[in-house]
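Paired with chain B in one complex and with chain C in the other, chain A is shared by the two complexes that follow.
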Partner chain A sequence: MLVWQILIDGFAISALYALGATGFTLIFGVSGVLNLSHGAIMVASAVAAWAIAGSLHAGAYASALGGMAVGVVLAFATYFIAVRPIQRSRRIAEAEKEIFILTTTLLWGIILQEAVAYFFTSNAKTVLPIVEGVVRVLGVRTPSNEFFTALICWVAIGLLWLLVNKTRHGKEVLAASMNPRGVTLLGIELSRIHIAVWLVYGVLASLAGVLLGMFLGVSSYSVGPLTASAFSIVVLGGLGSVSGSLVAAYVVGYLETLTAYLISPAYRTIPALLLLVVVMYLRPQGLFGRR
Partner chain B sequence: MSKELPGLFTVSALACAALFAAPQASAAGAPIKIGVIAEAQAVAGSSIGPAAQLAADEINAKGGIDGRKVEIVVYDDHSSAAEAVRAFQRAVTEDKVNAVIASYVSEVVLALEPWAARLKTVMITPGAASDVITQNIAKDYERNKYTFHGYLTSSALAGLVCDAAKDLLVGPYKMKSAVIVSEDAAWTTPLDAAYEKCLPAVGLKVLDHIRFSPDTTDFTPIFSKVEGLKPDVMITGISHVGTQPTVQWKSQQVPIPMFGISSQATNSNFWKDTNGATDGVLFNAVSGPGVAVTPRTLPFVEAYQKRYGNQPAYSGYTAYDEVYMIAEAVQRAGSTDSDKLVSAMEKTDHIGTIGHIAFLPKGDPHVHGLKTGAGFITGLMLQWQDGKQLNMWPKPLANGTMKFPAFIKLSAR
Partner chain C sequence: MRSVLRVSPLPLATLVVLLLGVSLPFVSSGYVLGLLTVAFYTAVFAMSWDLLFGFAGEVNFGPTFLIGLGAYTAGILDARLAPHVAIWVCVLAGAVMAVVGGVLLALPALRVRGPYFGLVTLVAVLILQNVVVVFASLTGGEIGLSVPDVMSISASTNYWIAFGFMVVSGAVLFGLSRSPIGLVLEASGQDAVQAGALGFNVAKHKLFAFIVSAFFSGLAGALMVFYMGTASVSTFIDISVGVQIIIAAVLGGRRTVIGAAIGAVFLIGMGELLRPLGELATLLVSVMALFVVLFFPDGFLGMLQGRSRGG
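After this line comes the complex of A and B, so read on.
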């Protein structure tokens, strides 16, 4: 009974982690940007969905889509305000740009977090669930929403895979992540690819945020832990490796769930962080890293 | 990490502060300044400043206290003890306030208590609950006498919850067992200790006692553990968390009722925050909408609603009363001198929004805490039903009957 419960709960939470981390790793793979405002974009999308439902009396679908729209806008804002000006700057040395982008995205994330707290309080918000009720699976009473969350996450990840591997634009993105200079020599505009990637990232991150808001709820305090968990999943899986991130998401998700059930919910995140430290020692490029 | 953002009132109040620089002056015309240090970004703390301002405006509209206006200076502490201490220092040394109303967070008030002593400034909390606040005063009265506890102590709260549980759960539903579920915080340590003592006394066997981190986001493992113990009821002690456990309780259809302290549930927005998941949750409060605890309760709620568009959280009621208590104490003392103000505050005999308010005298282990029981503060037990907070207990003030959502399985229905 407990075994099934851990398997089911762990699967749902891991799927959510996987979705959140996929966008994060995609951005890094293509443009080398570690976006530390990731958690803030997720939270802002969920809070926006909550606010749209509350103030405009929108239904569950409309508010979820509205929240995602806000998330996509914020992802673009992140790119145009915090990332692109630095990438294009002539006054910042090329070698220092990465650390500058880390700093600006971190600050941008804090700005978003404080804005959410200021306008909507720091108390937790939950997004209207699209699916309500519970189902009994293997003797475990599970909210239908949990299966819905896992399903949507995997559909989104599957669509991303098709996009990247089967369409021309997707292949350009893949090529850009392997050899940006080669792509430009083929006459493809790199900045256009960057914008496309940020769009995809915005959709994935805001979808993950809205689903998390439906599943567990979010508050402005979730910003830091969400960025940290995406960061550690991506580092664990290997920076830039999407399949590595998926595996790492499941490792982290199940490790956390096991800890929460078998030891104490208070120590939930600790074993996963310890594992990260160990992996850093033994295999610094991450489980599936190429570089 | 976060910078201090001045609250709405702070800006105007600071401007006024520049005009009235005379400290401690009882000269006619100089305003009585009350600092309000609160958590503007937390549901339970966000009513404190607005409610205090409302009380001050009412007093001023009637001509003030002996011709002196009451002025509120608001500081946002972002739920941080360090920021609250800085705000307290600024309030006393720069803004020259005469008294301070501070916070719903016990950790914050415990951090401010030594500063009230050092800076010899009367401080009263509208919402913190830890018993340690009054225990500190009892331990060293001369030093800590500047602190007043304007809300119920945790052990008093536990006592009220147990009394209500006896009348509402043990009597009609023949409930026999309970699991205590509370967040790990300063205020719940004495609360849980008192629960463990008083629940068996009213006929509820305590099967287990689960304390969880206030950072918890996924409550599934906690609810699954509670359910495995098969209790008749969960007795709660939550304040920093609220939305997430409530929403997950509903979405996971945990078949055990929640009963106890849930501070966020006292706020009228809680229904909206939880998308209605709070339906059926029972929670202790000192006042409730539509419940005329005293003749002052409903006019306050109405005025608050009219001015701010929502209803106050529990700490709003107490903050409103406390402005009146301080103003009356200044009037009795005929001065804003802190020591004279302390003796005048000790003589408080005020009919407030939450009941008849008087402080426990020197010598009591909870000196400067509120007197509770018949004739003083009795508390209520409210339940969320269809978007409304209805009162279930005590009987004479009840305006509804208990109803649970369909997923709750009551042991003896």
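After this line comes the complex of A and C, so read on.
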């Protein structure tokens, strides 16, 4: 009974983590940017979906799509406000751009978080779920929404895989992550690829945010923990390795669920943090990372 | 005549700021003094962070790991053994504990780089935060730890202690950054391999930077506990506190040490000025900080230097 409960809950949570981390790692792989406003974009999309449902009386699908549209716009805003000016700046030394982008995306994330808190209060909000009701599976009463979440996450990840590996544009993105200079020599504009990647990122992050809002609910306080969890999953799996992030998401998700059910929900995040420290000491490039 | 005019304005400015700082309690209200006391401790946090990041080039997201260790060690010692242990013993113990934490943090820094190390420091903060919450009987948990002793109940005395501490720490850190050690640190921060090839022991210098940074962070944290009379996660450990320290240092100007102090005083002062706006305050301060980082990447001090160079 408990075993199945842990397996099912852990699966859904991990799928959500995986989806959130995929976009994060994609951006890093292609443009070397660690986007610390990640959690803020997720929360803002979920809150937008909630607000659209509340004020316009839109249906579940419409509000979810509206929330995602807001998330995509915010992802572009992140790129054009906090990332591109730094990448193009001549006054900042090349070696320091990384820390500058970390600082600006962090600040941008705080701005989004505070804007959400100011206009929509910092209370927890639950997005109107698309699927309602409860099903019994293997003797465990589970909200249907949990299965729906896991399903959508995996469909999205599968589509991303197809996009990257099977289409021409996807292959360009893949090539850009391996060797940006080589791609430019082939006559492909790197800035176009960056914009495409941020678009994909916006879709993935906002989808993860909206699903999280339906599943567990969000508030402006979740911004920091969400960014931190995406960051740690991505590093645990190896920066830039999408498959590594997927495995790491499941390791972290199940570790947290196991701890919450078997020990105490208060200790939920501790084992994953300790694991991360151990991996950093023994294998700094992450589980599947190449240096 | 010309040589007199050419004298760098820096020593004069320093003297004026020192005199103004020392004499402020005679003209100012307790409210302003209390605000500045906190700002001065934050300034030490930011200056210590600048030594690690600006010079040693270590992306440290966890300044509050060191600060929290110092603050909680001092606070717990005092809360447990109150009348038998003098305040300064507790403060010193806090600083020592922070140095131990600094060495622990330096170990991965010598192995992993850039974002990886950044994550290790972030995780260190999260673990410390969890430890404080889990061992609530010892640490006061999420409610906070109240400390029986305070340094002084006079706002002026507290202000002078904080000001003196900031000036001394600032002088030591600034002097260190302008010394040969600072140059080696800067070189290893920019290109560790080349610095090593020139015969400098990069690992030793970085370890030293961690120890110095941890010492001052821990000391400042411990002193601040005895100013506030309480230690809580939200004032000493939370990630947002660390973020504020980083913003202060970058805003003031990296690699300047003094800029970090200016940034900290500006941030705290601005936060207080805008307080009537409620939640908008943090929003506006962040917008301002983003603006400065984007358009004046060298911070306040960079703006001044750029102007004097241009004019």
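By our rule, the second predicted complex is superposed on the first by the 291 of 291 C-alpha atoms of A that agree within 3 Å, B and C clash if a C-alpha of one lies under 4 Å from a C-alpha of the other, contacts with A are read in each partner's own complex, and residues count from 1 in each chain.
Operating definition for what follows: a contact is a pair of C-beta atoms (placed from the backbone, for glycine too) under 8 Å apart; a residue touches a chain by one contact, two chains touch by 3 or more.
Quantities reported herein were computed from a predicted structural model and do not represent experimental measurements.
Trainee: Would you check which partner chain A:Y118 touches, where first means chain B only, second means chain C only, and both and neither mean what they say?
Mentor: After superposing on A, A:Y118 lies in contact with both chain B and chain C.
Trainee: Contacts for A:L34 in the overlay, against chain B (first) and chain C (second): which applies, first, second, both or neither?
Mentor: The second partner, chain C, only.
Trainee: Counting only touches as set out at the top, which of chain B and chain C does A:W161 meet: first, second, both, neither?
Mentor: neither
Trainee: State whether A:F147 touches chain B only (first), chain C only (second), both chains, or neither.
Mentor: Neither partner.
Trainee: For A:I110, is the partner it touches chain B (first), chain C (second), both, or none of the two (neither)?
Mentor: In the superposition, A:I110 contacts both chain B and chain C.
Trainee: Tell me the contact category for A:A266 with respect to chain B and chain C: first, second, both or neither.
Mentor: both
Trainee: Touching A:I99 in the superposition: chain B (first), chain C (second), both, neither?
Mentor: second
Trainee: Once chain A of both complexes is superposed, is A:F76 in touch with chain B (first), chain C (second), both, or neither?
Mentor: neither
Trainee: Mind sorting out which residues of chain A both chain B and chain C touch, each in its own complex?
Mentor: Common interface on chain A, chain B vs chain C: 110, 114, 117-118, 266.
Trainee: Which part of chain C faces chain A closely enough to touch in the complex?
Mentor: 53, 59, 107-108, 111-112, 114-116, 118-120, 122-124, 126-127, 130, 133-134, 190, 239-240, 243, 246-247, 250, 278-280, 282-283, 286-287, 289-290, 293-294, 297-298
Trainee: With touch defined as at the start, can you tell me which chain B residues reach chain A in the complex?
Mentor: Where chain B meets chain A, its residues are 1-2, 5, 41-43, 46, 79, 184, 212-213, 215-222, 224, 241-244, 247-248, 251-253, 264, 272-275, 277, 407.
Trainee: Touching residues of chain A toward chain B in the complex: what are they?
Mentor: Spelled out, the residues of chain A in touch with chain B are 2, 5, 9, 13, 53-54, 110, 114, 117-118, 121-126, 128-129, 132-134, 141-143, 145, 216-222, 225, 257, 260-261, 265-266, 268.
Trainee: Help me check something: in the complex, which residues belonging to chain A touch chain C?
Mentor: Residues 34, 81-82, 85-86, 89, 91-92, 95, 98-100, 102-104, 106-108, 110-111, 114-115, 117-118, 224, 228, 231-232, 235, 239, 266-267, 269-270, 273-274, 276-277, 280-281, 284-285.
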